[in-house]
Each structure stands twice: as structure tokens, then as C-alpha cells.
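Note that subunit A is present in both complexes that follow, paired respectively with subunit B and with subunit C.
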Partner chain A sequence: MTTPPHLNAPKKRQRFRTPLSAAAILSATVLTACSGTSGLVSAEQVADRQPADGPQSGGIIEYGHLQEPKCVYGGWIQENFTARQILDSLVSQDADGKIVPWLATDWEVSEDQLVWTLTLRDDVSFTDGTPVDAEAVAYNFDHWLDGGNGTAAAHLGGFYEDSSAVDEHTVEVHLSAPFSPFLSTLSQSYFGIQSPTALETRSEEENCRAPIGSGPFTVQAWESGQYLEFVRNEDYNSAPANAKHQGPAYVEGIRWSFIPDNTSRYGSLLSEESDVIGEVPAVNIAQARERFDFEQYITPGRPVVINLNTEKGAFADQQVRQALSFATDREANIESAFLGTVPFEPSGYLSQSTPDYDVDAATEYPFDLDRADELLDEAGWTERAEDGTRLKAGERLEVVFTYGLNTIVTPDGNTAIQNFQEQARDAGFDIQLRPLTPSENSSGAFSGPDAYDAQVGYWTSPHAGILNINYRPGTEDQPNGANTTFLVDEGVFATIQEALQAPTSEDVTKHFSQAQHELSELAPAIGLYTQTNTIAVSDELSDVWLEESQGSPVFHDAYFRAEESVTEEEG
Partner chain B sequence: MTTTLNGPADQRSPTQHSTTQKPTTVASQLYSSLQSRRPKSRLRQVPLTVWIAAVFALVLLIASLAPSLLATHDPRAIRLEAPLASPNWEHWFGTDQSGRDLYSRMVHGAGQSLLIGLGATGIGVGLAVIFGAWAGLGGRWADAFIGRGLDVFFAFPTLLLAMVFITVYGPSAPTLILAVGLGTAPGYTRMVRGQILAVRHSGYVQAAEALGHSPWRILNRHILPNALRPLLAILTLGIGQSIVWASGLAFLGFGVAPPSPEWGALLEAGRPYITEAWWLEILPGLAVLATALTATILGKHLESALEGSQT
Partner chain C sequence: MTVPPLSATTEPYQATTADPTPVSPRQRTDPRLVVSLILRKLGGAAFVVWAAASLTFLMQALLPGDRATMLLNQQTGQVQERSAEELAPINEMFGFTDPLLVQYLSFLGGLLRGDLGVSYQLLQPVTTVIGDQIAPTVILTFSSLVVAWVIALVLLVLTARRVGWVSRLFSGLEAAAAALPQYWLGIILLVVFALGLGLFPVVGGEGPLGLVLPALTLGLPLAGFLGQTMRAEFERTLDEPFVLTARARGMSDTGVRIRHVLRHALLPGLTLTGWAIGSLFSGAVIAENVFSRPGLGGVLVDAVNGRDLPVVCGVVMLVALIYVIANLVVDTAYVLVDPRLKLTH
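Moving on, here comes the complex of A and B:
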């Protein structure tokens, strides 16, 4: 595959070759030479530089990313990141979590909360020329629920009934039951709107590798294992209301390189091969804060937790689950493993950045080894083997923890899990760790109740409705692969449904709070740390930001600063 | 005047063994010759590198059989308040990302690394003897069949072959041993086949055949002992090579599960911290290097010694 010529052009030269910048440099050189006083800036120079401080057009952003997606658009968080660059959604979330317009300019919900009416912009087209209208949006809703996006279906499944175009720019979405986080759900890029023409006429492979949306960039090329190239959509006119500017992106494109090795990725920023990197390694964060523009996003939804198999094995016993929850000093563990750069998350259910997070429910299991011992004694694990492992009827309290290493759990997370393993020995747990290779993790071979005693994972979501995804009991007709604890509890499920269908935000909070307490009592999961997204940005680049629903990096507003203004700041 | 006074009769000459008389020129030569024939003198001729390798091998042996004699800390004990501490008086090789003592982990990891090296080499050489002997003695069709099979295996890089095996059967120490053993077997098989073909057409085998010895007796008494002797040295070299390969696989994430202190696993675990904690990569890396060098030096020396004994 050949790389387009403009993306191959030398980056530094390409950036600042505007006549204005050249004039500013020339002026500064001459004046400095005449005055013989270096460091002084003339009024003319200041005047010349003013425009250079603003957004400059042009340049290719070199972005170093940890993982390669399977498709540019899909149900995995990595696919959410790439989809954000090329697809527009109906709504967006601002920094305060407030829903703001994007493709939908207005919305209202019926009194019974079963019909959402969305008014769309009338001036937006997909990059293949298809208009973004009510028919297209209704088509996308059906597409998501009919297998087009597993995560979108996990959010709306059980609630979505159908959708229809009221007129060219008004769409109605019909639900079978009220769903309070409807708009927040739609703000994620899993709900990015694609061209129905492309979905109908192109192959699955084509729509996987280069989906057609109305977003600020389009996919130019994808070299598997190396990089994705996005090129600017010159006709872009539909940025969300919380964007920093309207109109096409300032930069001409993005080279989204896959650099899975932490050291190499951070090294690429130090060596200026990358302008931005994601997933800054914990060990480098202190330096990154000093040398670069550093931003950290605490992802809402389920944090990184240990999901205990409540169906089979030792953790089928609630007391054993509670004992393990008490058995280790998780706060000290996370502080040490991440060198203080990632927050400890005591809750096994919701991350502290999730709306309706209940801090009391989250902190019900402080480090208490005596309490862990009591619970294990009561559960019948009274004897100890020579190595300190507890025994019950001659059976060792040996449990297997699985986790996708470098896919779900970072190397720092791996350290936290090993610390947990070692600390739990004092209570008499013999934890066997089984890191999964990427192929093992995605194969599904380690997803059933016979495959593990505990599994480490997270699931991002902008709202507490994630509890419905993670704790909806699976049935034969509707298996729930997201219920990794295999917990089946009608009481908890009913409380979560009450929260999702509550008429007021106060009621929503009350029921979600109750659900967290009920889950905490059952102890199917143990919180470790918040899933975070981080970026470190070179000082040549401005206005890269992380969006609020999932923490995707947004490059539409980004621009390269004039070299002289960078130098001036550094001086 | 003869200058080759080194026969047994000359050695027994009383005049040459006087403690009061200095040796003459001829006697000096004889004296040197005598010295070279004594066991003590032969030990003196052993190069210093071999001595160093032997001492290191002894340390490795102790670390493998009785690690607690050398280790200063529990290799699993974590110290959350001291992650990534640089080498100091308490932790000679520093601590890892969990605050575990790196030196003690390396000592405890020696046994597992050596076991992987020995096990993998044993499997590789064992398979090689079976298939190499079959190819060398089984006739034209067997030779062609095994030869083409080896060609197929050689088409795949050994490391890739091992990675496929581990992906299918899951990472663990036995899998790692099997994977590396299977990966090295084709190379050894080709060597064994060559040796057996060379020995098979030797005069003493033809003589045995002429005397009517049974094929089994000829194989056991004449062919295998003579064909496999050079393999003793190669086997020693292979141990070091297998440790390096196993470490490489662990470095790529195909090694034994944490918190195993196997050296490759240590290298893999330390990789993300290389810019801030050099000791996590350099010191286990040096241990792997030193072990591979030790095996190589001892193997080469053994090879020379065996060649010497043959002549």
C-alpha cells in the first residue's frame, strides 16, 4: 500500500511555511542583528507574531497509541477512540457532564419516557455525499441493535424497540421501557452515525477498515501492525457544541501509529518522532507532567476490578468473596504499583468518576486481615497447609486469576495483581496467576465459568447503567458475556432496573446507590484502580483534548504552533 | 643425541630424578615432558576462562539446588514502600516494581532457568537421536522422508515454531521446555544423521558386519557410541542456547506465569521500567549471558578434551 504524498512530506517543513511566519522570522533576524541586542523584541516583531500564536493550518499529527483496533469502528474501547476521529454522534458531553448538541440540535422525551424525539441539523452530509437525515439515523439505530455494534446493543438491548423518521430532520426513537441514561449513552462513539449507503453497498471488510461518517477526518490508509492514516475532511461543518472551533480540522491529517511497547512509545515522544502519545507509562508520568502537556482522564464505568466467579469454585461462597475483599491493603498496593499516578478504586462496581457513584458502598471493605480470617474460618477453611494456604476437607484454597496482559491489564496493573496475590497469602489464599496472550484473550476460550475463579477486567461507560450490562443475568436465549461474575440475583437486577427507569435524577441516584450497596454485600467483585486514559502532547501542538464520555483523544481542534512562539515560551 | 627421551624406560632413570642435580638441556626437556604428563600439570594447562566458567557453574549449581544458601530475602516478599529501589546495601541488586529483592529472585530463578535449559536440550537431543538414527540407518526412503520433514521444519524460524506451540498449549514451564526442545530438535537431528552416516561407513563397522555381529549389537557397541560422542559437547553448548531462547520467549510474553523468578520472566517484567530502573534488565541479562558463556566455554573445553582423548 502506498502512502499518500502529502502525508509522506517532511513534517517539520510542511508545518510552518506560511508567508506570515517567514516574514516574522526574517523580521526578527534583521532587527536582532541591527540592534545588536539579543532577546529584545521590537513592536514590529510582536505585531508580526500575533497571528502566529493563533491556530495554524497544516501539518500531520504523529500520534503514538498503545493498541491496534480490529476495526476502525466497533464495540471495543480502542475502536471507540478511532471512530471518534471519523464519525459524528448525535450528542456530546461537555466537561461538566452536560449533554450538548452535535448532529442533534434539540431533543425531547415523552411523558412516559418511551419516545425520544431528536431534531437533526439540516446541513450535514456524509463524506460519500449521503445526507445525514432522519432516515440515516433511524437506520443506524437498527444497525447497532441488529449486530452492528455489540457494545451499543449491550447498552440499549432490552429497551430499544424501533425508530422512525418523522420528517427529513426529525427522528423518533421508541423504547419498551424508560431508559434514563439515553442521551449520555448516545454521546459515546459506539453510537457514531455512519452512512447507510456505505453500510448497505460496501462489504463488511470495507466498512470495518474505512467506515464512512461525517466526522472531521476520513481513513486514508491502514498498514496493519504499523499505523492508521486519517486525512482531513475538507467539508467538515458539524463539530459538537463543546468543540473549540467549528469548520474543518486545522491539521491535514493524523498518523495513528501503534507502538505497544511502553518504553518505545514514550521514547518516540522524547525523540520528537511523535507529537502526542496515549497511555503514558506510570513510571514516566512525573517527567511527562514537567516536560509536556499532560492530561489524565479517569474513565467512568466499571473500573479495573477482580471479578469473582460466583457460580463455581471457592468464590461461589459469599463469605470467601468477602474475606478476599478484606484480605489485602489495596490502597497501598495501587499507590506503590502505579507510583501514585493512578487513583485507587475501592469499588468493584463503579469508578469514582461515574455519575451516581456511592462512596459509602465503595468503602465497605477496608483492609482488615482479622475480619478476613474470621470469615474464612466461618466458611470452613480452618486448617492451614505447610505453606500457609488454607484447607477445607483436604482441599487447598487455590484459585486461578486470569487477565489479558497488555490488552486489558497494563504492565503496572500486572504489578498490582502480583502485589494482591502476595498480600492474599497472609489470609491463606493461594492465587495462581494466568496472564492471557492477546490471542487467548480474544479467543473466548477463557470466558466461561469453568475457565477461571477470578478474572480481571474493566468496562467503560459514561453512566451507572453499566451495572445493567455487568449484572444482567444471562439466559440461554440471551447470554450475557459481560456478566463475568456470573452473578444471578433478582433483587440486584430489579434495583438496577428501577434506577434505569426512574423518572427523576434524584430517584436514579437513590436506586443506583441501593444497587451498589446490595452488590457490595454480595461481594462479586473487588475494586483495584480506575481505568485511565492519558496523553502527553509536545509543546509544538496545541488543543488536543480528551472527550468526556470515554476519554478519546480529539484532534479536530489541534494545531501546530508557530516555531518562534514555542521557542519564546521555552526561553 | 636424541631429543625424544620420553619413553617409559627413560622416565624411570634414577639420574633424572636426582633432587640435588640441576637438569641438563636434554634432561630439562625430559623434565618438561614429564611435567606435562602428570595430572597436576594438565590441570595447570586449563585456561583461566575455563576455571572461571567452572566456578560460575558451581555457583549456579548451588543456586539451583539450595537457593536459600545464597539468597538474602524471600524472593516473593513484596515491599510496597520500596518499589524500584536502586542497588544498595540491603538489596544488592536493587528491588523490582513490587519492592522484591532482585538478587534473591535471580538466585531462586537460576534453578528454573537451568531446568528449562537442561530439559529443552534433553528433549531436543533425545528426539534428534531417534530421528537422526532412523534417517542414518533406516535406508534411503526413511532418510528421504526425515530429510524432507526437516526441510519443512527449517522453513520456520525456531522461535516462531516455539511461539505457535506455546500459543496452542498455553504458557508454563513444561510448555516452555517442550517448545524450545521441539524448536531445537531439527538442528540436532541433522547433526546426528551426519555423524551416524560417517560412522556407519567406517572400517570398524564394516569389520563388525563381516564378523557377523547382529545389527542391534553393531548399533549399540559401535555406531551410537562413536557417533554421539561429539554430541556431548554440543549438548553442553545447547543448554546455554536453550536458556537464551527460553528467556527470549519469556521476554516476548510467552514465558512462565508471574511471580516466577525465571530469568526470562524477570527480563520481561523489567522491560517497561528500563528507562528508570536499569538494574531490572541489565543484571538478569548479564546472568543469562554469563550462563550461556559458561556453557559455551565448558562445552568447547569438553569438546577439545574428547578430541584429545580420541587421538
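Moving on, here comes the complex of A and C:
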């Protein structure tokens, strides 16, 4: 096949549209099954490169997704998902969190850990014909740090110095300080490699709506408010080492529909209008587990936590922070708010799926109301007002919690926060909730140390290096807006730096553990639940998987099962 | 009919005396009157659109918080404060740090040139953003309106002032329909007719079949409103002496209802329609969301959430324009329905 098929062409794959036709096909299958031939699979469905008994080629995957990105590639998690379909990264992470080759086949780091040398594949081109070479990779590094991707810049900023092509297929990246999670960082699709020709010669709008990479699909069309159409890259030869197959994708394309309403999205899977959906609604998860291939990805990085303002107000006092950490039964709270579908996360710093997570540090604050009362008494909050709120020198223990409702915090998460507010009353906290609209939330007007006593948020990251982003003390010259607890603790910061600079992975783990214990003692944050990503896949479709670094669905290996194998399973 | 038009003073008098044509029973409309009316209406429309654009611009620009911070945060999914260094390129690109008056004047200048600007978030020209999404919204709005009118008219003619329980039952149903929350109705229609019975697609798309449930979602409550408004007038008119006269002439009951009574009942319905078009336009977002339809509603919500000023202003101006046009059409329709309102004074 040389010309990409048009996605508007009718599906070649037969679909069960009505019960009647399903029954008809079912009985026909029973008849033909005896003869042992694939009687229902038309010749078109079997691509010439596939053996007849292997995965079938062809078909368009109908994928129902919750949110529409602003651009196909960018710094938002939604853009990470779409970018994964069209861009290749330098390395990938396998299911065990091990770094495996992708565009880079080999890598080494200098003794002082300041120079990373990456060896690239020599046979890969972008879909505009530009070769994927050392120059192109170096160009991308500069592009990310130069405003091309804010999330990439947040990860590498302060470490990245420059990069250069040693020869055509070898690139050197120079760091200003050692950064042990370098490769893990690069495995995210925020670090997908784009064609420098496209970035230089095309308009911002073009690069936003149809970036050029070397990935398994290309962007064919984007009907705003409806869907993104991806079409197979027929020349694809650069799948990561942890992919289930090499070569072009089995399916001809993906129609990535935006279905914001939960009932409609799950309904589209039930009515077979979608083959896969993302963000399975909590109320449907139990059924989805039974009826479909259901997968839940627990996002690594900072989970959904309550960040306490350590600079101003009641939480400037460490004992008050610890008291609130003890004050509520968070595990029962999360269980009830999410109907048991989302894991409770005791840690305020890392989620349980993050490499180097320390479970002992995470569980230092079980529900213990007596301990909370003791700590508050010691901190001087000894009196109680008539409504039970504690008083200190006549001042009430009244604190304001802000959070972006329906952006950062889902409606279920909102229930969890309300439960927390209710439970914390027993210890004498009067928590005022201030949900923020999307525009208030991101405007910066509610982000400074004067704006809140506590703020709820999360930050996805494939490694514990997120602690460095969240807990680097801001200075006059180098403010750190990502430090939302405003914690200034040189001790913890030094421990995190040791972890980033540790020579072996054992040392990295040791220092990150220590950092988690130190943070736990300082108690600038309280864990609530993990951020998750879920998909449910119809049983007509095989081998959709969620990649390890950020949980993007990967469709390159997916294929539609031959009709008879589906019906056989059903029978 | 001798009262001179207000705007023309003595000239028409001289004209009529100079040319003593007999006054026809139906007085002709003075063309100058029409021109002045059109000019006034156009001026009014321009004023409404300008005022809507300016108010929106000022509100968006003056809300607390910083637009460059917001853009940067939305591009990275964060909610933090940003350093001046990070903000500088964005401020320069969009001119956020210019004095407000300069920003406003350049915005107005763009409007005069027909340039609505470029979306901060989508990096597309606003005209493209709106142009891509306007068709589905217009189709949905007018389908809903047609659905509402058809349901309201049929029920009205068939059931008003019938056997006591019939009238009461349908009047009650109309009131109930008017009170239906659109979001709830949409979900119920989706669950019953798309998921349960499989008659319609769950994900709307652009096909005519996908339009049925969204149009009903918006149209049913509106039909209730229209029916209730017209029913009172309809029933009052049935008591008028001329109805009795018509019946005495041997006209059939249906004929009387449609030809004579309905004409009177239409007026309050028309008034409501002018309002309904604008309201459907802005309410379309609910049907768009539930049925995964494209459209301006979703564009506006996203733009407001992101304070994407050029897009918000563009959509608001468009809706203002549609309100103005809808009301002009309704004014004209009044005259068609009730000839007494013809432009004579």
C-alpha cells in the first residue's frame, strides 16, 4: 500500500450494527468454523505482509476521549497522549520501569555525570523526509528549553546546558549539574522528537495542529470539537524496543473522538460506536472490568495532595501540619468517595507507582485523633470555640483550601475534599473550601503565599525527580512557582540533590528514600489519592496498551481480531 | 388616515396638496420612512454589537489574575506563579503589558478591518475558529426552533379549549415540558433512545440522524414555553365575537382555529422566539456536550475558561448580532401576522 487510505472511507471491517446482523453472522460463523477457514475475512482485510494467522491488518480504531487538547503536541497531559501517536522519543520505559532503546539505541554518561552521549538509529526519517539525526535531536533539546514545551523545560531547566552533534548519529547533551533521572525524563512524549524542518519553516498554527514526527501515525484532520484523525505512517520502522511488534501499525488509522460527557463516552463503547474509551467513569468501572478489557494506570509523580502553606498562616507551624496529617481517616474517605475504584495514597510527595517510592515514609501519618489533639495542644491551640474550632490567643483555627474544580479535582475528588473538611472538625480545624473556576485557577491570582492556607494539586512525572521541581526553595533571583508549599528547607533540598547526583541506582533510591522521610517529618503536604488513567477496550480489539511513563494509550500494536475468533469466545 | 408621519413635517402635506390623488383605503408607506427606519435599526445593531464587544473585552482584560501566567499554566497543566522571565515572551507576543487603552484601541482597529485576532490558545485566527463551528450550532438552533414550534402549534390547535380534561392535561404537559432541565432531558433521551433502544447514534456527529435527540433536548422545553404563552391568548380569542361570526358563516372548527384564532395567538409566540433564538444559541452547549456535537457553545466555554479574549469577544459579538437579527425578523413577522402594525405612524 502506498497511498494512505482516507479515513472517511467506510470501514472494511464488518461491524455488528444490529442484533439481527450479529445473530446472522454468528450462525454463519458456526457453519464456517467447522471448515477451519477464515470464511468471513475478506481478502482486503489481510494485508500482504501479514501471515494469515497473525494479527489482521486494517480497520480504523474508534477511540473516545474525555478532553480535547489545544495542540497535538504540548506540555499538557492531554497533549502528551496525542503526541505519543505521532512522535517517537529517544528512549522508552518498559513495564518494569527499565529504560529501553527507541530512537536512541545506546547511551552513556560521563564520569562526572554531566555529559550524556546518545547513539541514534541511522535509518529513521520524519514523515516530511528530514532524517532523524544528531542535528535534529540537538535542535529539539534547544526548542524545548526555548519555550517550545513548558513541561519539558520544567523537567530539564536548571540542568540542561546545551547539546551538539558529535557525528551524524551521535548527540552529546551537556548538563550543568548531574541529573540521574535524565533518561526516564526523556521517555515521556513531552520529549517527542519533531522535524526541525517543520518547526523552522511552518507556522505556529501548523506545528500546533499537525506536528511532524517519525511516529506510527500522522495527523490527517482535526475537526475541532469532534475528533482528531490519525492515519498510519506506512514507512514506520522505529517502534520502541518494548513494543509488541516492529514495522507499521496494524490498523489504518485512529479516529480520536472527543466525548466529554461520561454517560455518552461509556455509552459509545456499549453501543459499539467506540472500540476503546479513556477515563472510564467511576460508576461504570465494575461493569467495565467484567465486559471489556479494562486497564488502570496509576500515574507516577506527585499524587493528588493537599499542599500546606508553610510560609504564612496556621500551617507555618510544623506541629499544626502534622496534626492535620493525623486528624482524618483518609483511607476510608477515599474508599467511599471513589467507590473503591481509585487507590488511596498516603504519601504527600510521591505516588505509589513512582520508582523509589518509600512506603514507610508514606505511612507515617495514620488516622490518630489523639495524636492530632496532642500536637495542637502543644502548638498552643488549646481553647475551643463554641462550634468546636480551636482557638489560640482568641484566633480561630480557620484555614482556606483552594482547588481547581473539574480541572485539577474531579467531582469525586471534590467529595473526598468535603469528607476531609468534615472529618477535620473533630480535631478542631475549621476548613473553608474555595473551589476555583478554570480561569481563576490558572490565572496566578490564587497561587501565591497570600492566596491560600492549603491548595490541592498533583503533578505527573515518571520519576522521583519531581521532588526537585516541587521542593527547590525559591529565591529572589530564581523564584520557584512549582513550590506550592513554599517550603524552604535546605536540608531536604540537599538530600534531593544527592539523589539526583548519585552514581548508582541503589544510591539514588537510598537518597530519595531519605528525602521522603525528611519531608514526611516536615509534613508540608498530605496525600489523598493517586491520579489514574483508565481505558476499556472492546473484545474485538487486541493489544492496546498504556505506556509506562505517563499512561498514554498506544495503538501501534493494536489489531482487530478476526471475526470468528471473537464470536468463538462469545460462544 | 390623515395624521402626518412624525419625521416628515410639512413636505408631505405640500406633496399631497400638489398631487391630489385619492387616498387609498390602505395607506402606502413613505419610502423615506423606511430608509430612516433601516438606518436607525442598523445603527442600533452596530451599537449593540460594539457595546457587547467592549464590555466583554473590558471584563476579560480586568478580571483578577494575569493572562500571560494563565496561558503558560494552561500550556503545561500547572497552576503556579510565574517569573517575569518566563512571562516576557508571551507578553511581548500578545502585547499584554501595553496600557489597556492601547490594547482596546488596537482591538477596535482590528474589528473595523474585519480582523478579530488570533486565539491565544489555539493559535488559529478567530474567524477560522468560529467559521469551523458555526454551521453545526446554527443547524441545531434552528432545528430546535422548528421542533418547538411544530410541537407547540399542533398541540395548541388540537387541544386548546377541548373537553375539560384534554385541555388541562396538555396544558399541564406544556408546563412540565417548560420546566424540564435540558441537561437532564438530554441524558434521559440519550439513555432511552440511543443506548436502550439503539434508534439513534450515541455520539452525535453531523448526520441528520444525530440531530434528532439534540434538537429534541433543546426543543421540548421551548415547546412548553411557546405552548403556554400562546394557549392563553388562543383561548381568549376563541371567545371573541368574530369567532362566533365565522362559525355562523359555516366555517369548520379547524378552519376557525387555524385561520382566525391562531393568527392572534401567534404574536406572543413570536415575541418569545426572538428571545429563544439567542437563548438556544447559548444553551446549545448543553446538547453539544451530552451528544458530543461540535459547535460554538463548546468553543465559548473553553475560551472563557482559558480567558481566550479574542475568541470570547468574537463569539459574544456573533451572538449579539444574531439577537439583533432575530429581533428584526420578529418585528417584521409581527407586521405580516397583524397588518394593523404596518408602518403608518
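The rule we apply is simple: the second predicted complex is superposed on the first by the 517 of 571 C-alpha atoms of A that agree within 3 Å, B and C clash if a C-alpha of one lies under 4 Å from a C-alpha of the other, contacts with A are read in each partner's own complex, and residues count from 1 in each chain.
One rule holds for everything that comes next: a residue touches a chain if its C-beta (ideal position, glycine included) is under 8 Å from a C-beta of that chain, and two chains touch if they have at least 3 such contacts.
These figures come from a predicted structure and were not determined experimentally.
S.K.: Just to be sure I read the superposition right, which of the two partners does A:Gly457 touch: subunit B = first, subunit C = second, or both, or neither?
M.R.: So A:Gly457 only meets subunit C here.
S.K.: So, A:Ile259: does it touch subunit B (first), subunit C (second), both, or neither?
M.R.: After superposition on chain A, A:Ile259 lies in contact with subunit C alone.
S.K.: On the A-aligned overlay, A:Asn414 touches which partner chain: subunit B = first, subunit C = second, or both, or neither?
M.R.: first
S.K.: If you stack the two complexes on chain A, which partner ends up touching A:Gly225: first (subunit B), second (subunit C), both, or neither?
M.R.: Touch status of A:Gly225: second partner only.
S.K.: After the superposition on A, what does A:Ala337 contact: first (subunit B), second (subunit C), both or neither?
M.R.: Touch status of A:Ala337: first partner only.
S.K.: Examine A:Arg434 and indicate which partner it touches, taking first as subunit B and second as subunit C; both and neither are also allowed.
M.R.: A:Arg434 contacts subunit B only, not subunit C.
S.K.: Spot which of subunit B and subunit C makes contact with more residues of subunit A, would you?
M.R.: Counted on subunit A, the partner with more touching residues turns out to be C.
S.K.: Residue by residue on subunit A, keep only those touching subunit B in one complex and subunit C in the other, then list them.
M.R.: The answer is residues 261, 263, 267, 437, 439-440 of subunit A.
S.K.: Write out the stretch or stretches of subunit B touching subunit A in their complex.
M.R.: Subunit B residues touching subunit A: 76-78, 80-81, 83-84, 97-99, 167, 170-171, 253-254, 257-259, 269, 271-277.
S.K.: Any idea which subunit A residues touch subunit C in the complex?
M.R.: 18, 64, 68, 70-71, 74-77, 147, 150-151, 154, 204-205, 208-209, 223-226, 257-261, 263-264, 267-268, 270-271, 273-274, 404, 408, 437-448, 455, 457, 459, 478-479, 481-482, 484
S.K.: With touch defined as at the start, can you tell me which subunit A residues reach subunit B in the complex?
M.R.: Touching subunit B: residues 261-263, 266-267, 281, 283-284, 329, 332-333, 335-337, 339, 405-406, 411-412, 414-415, 418-419, 421-423, 432-435, 437, 439-440 of subunit A.
S.K.: Which residues of subunit C touch subunit A once you look at their complex with the stated criterion?
M.R.: Against subunit A, subunit C makes touches at 63-67, 69-70, 72-83, 89, 121-124, 129, 132-133, 136, 187, 190-191, 194-195, 198, 201-203, 205-206, 288-295, 298-299, 302, 304-307.
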